[in-house]
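Have a look at the structure that comes next, please.
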Amino acid sequence: MKKLINSPDSVIADALRGMAAAHPSLAVDLENRVISRAGGATQGKVGLVSGGGSGHEPLHGGYVGYGMLDAAAPGEVYTSPVPDQILAATKAADGGAGVLHIVKNYTGDVLNFRMAAELAEDEDVRVVSVVTNDDAAVEDSTYTAGRRGVGGTVFVEKIAGAAAEEGADLDTVARVAMHVNEVTRSFAIALHAGTVPAAGKPGFDLAENEVELGVGIHGEPGRERGAMAPVHDLIGYSLDVIHADRPISGDVLVMLNGQGGSPLIELYGAFAEAVAWIEGHGGRVARSLVGDYITSLDQEGFSITVMSLDDDLLRLWDAPVATPALRWGR
Amino acid sequence: MAFDAQTATAWITASEAAVKADEARLTSLDAAIGDGDHGANMARGLAAASTNIAERAPSTPGDVLVAAGRGIVAKTGGASGPLYGSAFRRAGKALGDAASVEAPVLGAALEAALTAIKELGGANEGDKTMVDALTPAVAAFQAVAADGGPIAAAAAAAADAAEQGLSATVPLQARKGRASYLGPRSIGHEDPGAASTTLILRALAEVTA
Amino acid sequence: MKKLINSPDSVIADALRGMAAAHPSLAVDLENRVISRAGGATQGKVGLVSGGGSGHEPLHGGYVGYGMLDAAAPGEVYTSPVPDQILAATKAADGGAGVLHIVKNYTGDVLNFRMAAELAEDEDVRVVSVVTNDDAAVEDSTYTAGRRGVGGTVFVEKIAGAAAEEGADLDTVARVAMHVNEVTRSFAIALHAGTVPAAGKPGFDLAENEVELGVGIHGEPGRERGAMAPVHDLIGYSLDVIHADRPISGDVLVMLNGQGGSPLIELYGAFAEAVAWIEGHGGRVARSLVGDYITSLDQEGFSITVMSLDDDLLRLWDAPVATPALRWGR
Amino acid sequence: MAFDAQTATAWITASEAAVKADEARLTSLDAAIGDGDHGANMARGLAAASTNIAERAPSTPGDVLVAAGRGIVAKTGGASGPLYGSAFRRAGKALGDAASVEAPVLGAALEAALTAIKELGGANEGDKTMVDALTPAVAAFQAVAADGGPIAAAAAAAADAAEQGLSATVPLQARKGRASYLGPRSIGHEDPGAASTTLILRALAEVTA
């Protein structure tokens, strides 16, 4: 393992120092590990908090700012944050109109956020939680932990953030967030596993002619191993899975996301295949993101996230946003 | 030998040492069907438990376990943080403010821990989680205690039962936690949380022996 | 080699299709391989054109848009574009006030741009060329090809672009561009070489304990091989070289750039070290960029670029920009 | 045998084939001290030269070389595109509109090619570039021609001299092109452009033999 780090133990602390120095628009509490807006909570606005394990940068700290999150709580690499930390983020986000917790569906995230929400209620901050679970790779069932929250979380943060900025109340913002999650599906394929600094070696080994199909965002193996193929086929496979789960039609928002180790030139090529597939199935890519938005350290591969658009969602997507990783309109 | 604050503290210390010694194994179990952080999580969590106990210097075994649980919740993160944290906290509360307890009360406390984990995580036996190690362990502990056996014997039986529960997770397909995302590919591996539960119960057997 | 591609031959064409689909603000001429602003040239404004080999995404196509470039000409991977292509970009950028060619100092780029400039003059488009050569790793001499143009090119494109948008004439925009180049220095270290798709294997091999010091942006070996070290030391080495060449003091603009395969969490950690070094030497990081801005395919490593700021440069840096890869203020 | 349009066309075809056959070697020479694209560049460039000749069907050797040069400039990119492109174009111009030329005129055309490269790229002998192969080759060609030797003998001498010039680049430190960025690390390798020049001159010797 060769990485641009000082030691596996210092990775998060060093990265937070770097974020603090790079983004004057952020307040980075190095002690509590909370990233919030430099100006503090917006009075009267619903606060948005998310968090989870680190290693997914720019998620979530890179989405703190106008039109998106108010605070983020980054845990250890791939490990959910702890309740006190989430509580501190919740307080930093609270402008008196309550706080929305955006939680990716992992047992650890769900439990720690639930505990934090209870602590917050004790301090008279009203919290509503929305759990994202957009990963079409995982079979859903009430008897299991259910689906993972993956790329769709970026859409939830953006669109719920825009609704909050418009002045919607907590229940409305939560409803918008849940709606986004419902109309969004993702699928991911990895070519080479990422390396957790503390582990020192890739999460799984793949031969030159193998890929992992249906991976999540934590360097874990996917639902099955497949043969390496042209990106046309990898994208086709992914969109077939999504389409079978929730038909792709009409206007859609698409994120062609890199997992951290695949270069932009490849992501653009993959996106071209996705657009061709969707148009070939009668859909239209009305909006898109291509790049590294929710990563798995240095893992090579992509994820694709597709959301059905309606007029409301389109307006909220297009609304101004000013965060380190997503910015337009101001 | 009764279970007092000193023994409770020794239990946490021994658990911490056992997890540290086996950190790499826990991590590689988790890498196979999870995200490869269970060793680090447990090491961080039990270190926090020890620190919290040292800072508060609790005088009853109940308070020791509550302090351990709070330390774990506050520093671990992940699934294991809230689950183990609540388990220790609820076990501690079940001990009340007695200066020392005998086997039946400790057995009831372990059962409270199991209940906490099941309530919080929603897992049942057979879902391939720590519940699969703790459920038979609690039953074994209580059986020895009900027969009037000493804590040492009950704890040894519990550790043995946990070990068997751990082995029994190998053929299971996970239905809870990260391993569930792998579907059938989770079959054929030990559950990391069941492995750490076994270490913790073995530590209890050691310090009470 | 495992890549998200269809075949080594189709990489550029596929990526351009993807860029076209992803960015309605761009006009992508797939035939001539020219990326320009969708609205066409701005009448009366000096046009800015850059280009070079592909594999450095988002450079240059990702910097086409308001406040930066008017057109870009992407060549084959790591190979400069051809004169006709650059001519087409020049014509697409021409709003009647002349066109600035921003050329990175490589023999191939310089020669092909020179030929294109001659062709453009034949068609009555006035062209002035600025050659960037900010790489402090290379010894400068009139007897050699001189220094490479690397990260500083991003600053030149942004700041000269802002000057052009303000209405400066061609000679003024060229002077601004040259000034930026003069007050900017870069240095790069690679941990793992990138793979050119047509070559199929990394440009060089490094052992687990080795790094290449002073690499460029084309997957070439650096000026020497060194021992792997904590990022604190790698950044210190880099800034020592830059500082020895052109002292770092006062307010500076810093780009901590990833080479394509290193994740953002590492880049932030590296940036934290850079800020500490610069502050320790009495400088102040007044503005910064942290992320992948000028890459070398999937190469792992970083480059750091330092520019001395004055009031004018700061104003031009802060001026609005709206491109796929750099956006603020609108 | 005189040098006419057919021979000139055959030269380009043979050069294209030679470069294709050795594409991997040119690329790996360039990977060592450059950016690893010289094989692909030369293959693309000479293919474009052939296409351009086929499209224009020029009737003089001068026009053949001009068409080759234009094709190379238009499609190659990199340093070698303008350099080789200008070299062929200037060589073609030097041949004028003769239907066929003898050794001294062809020698002068090769000299014009060398001058074009030196003017455009600013390199001198010893800078570790294609100039190091072409300079002795032109001298050797002209020496044979001045002695009244036929094109075949002159071209064979030129190819041999280029080969020696190529070998002589090994101990040199590059002062031009990408290899110059490596400083002393450029020592110990053949220059890729000198290698492609040698292939092209060997192709000339073959088609005129």
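Here the chain labels run A, B, C and D in written order, and each chain numbers its own residues starting at 1.
Here is the rule we go by: contacts are C-beta pairs under 8 Å (C-beta built on N, C-alpha and C of every residue); 3 or more make two chains touch, one makes a residue touch a chain.
Everything quoted here is computed from the prediction, not taken from an experiment.
Path length between chain A and chain C in the touching-chain graph (shortest route): 1. One simple way to say how far apart two chains are is to compare their mean CA positions; for chain C and chain D this gives 32 Å. Per-chain CA centroids place chain B at a distance of 76 Å from chain D. For this pair, chain B with chain C, the centres built from the Cα atoms lie 55 Å apart. Viewed as a contact network, the protein chains form an open path, each link joining two chains that touch. Listed by chain label, the pairs that touch are A-B, A-C, C-D. Every residue of chain C that touches chain D in the complex is listed here, in rising order: 53, 75-84, 106-108, 111-112, 114-115, 135, 137-139, 143-145, 148, 196, 198-199, 203-204, 216, 218-221, 223-224. Interface residues of chain D, counted against chain C in their complex, comprise 27, 31, 33-37, 40-41, 44, 73-83, 120-121, 175-178, 180-183, 185. On the chain C side of its complex with chain A, the touching residues are 1-7, 10-11, 14-19, 21-22, 54-55, 57-58, 62, 191-192, 194, 206, 208, 211, 228, 230-232, 234, 256, 260-273, 275, 285, 288, 290, 292, 295, 297-298, 300-302, 322, 327-330.
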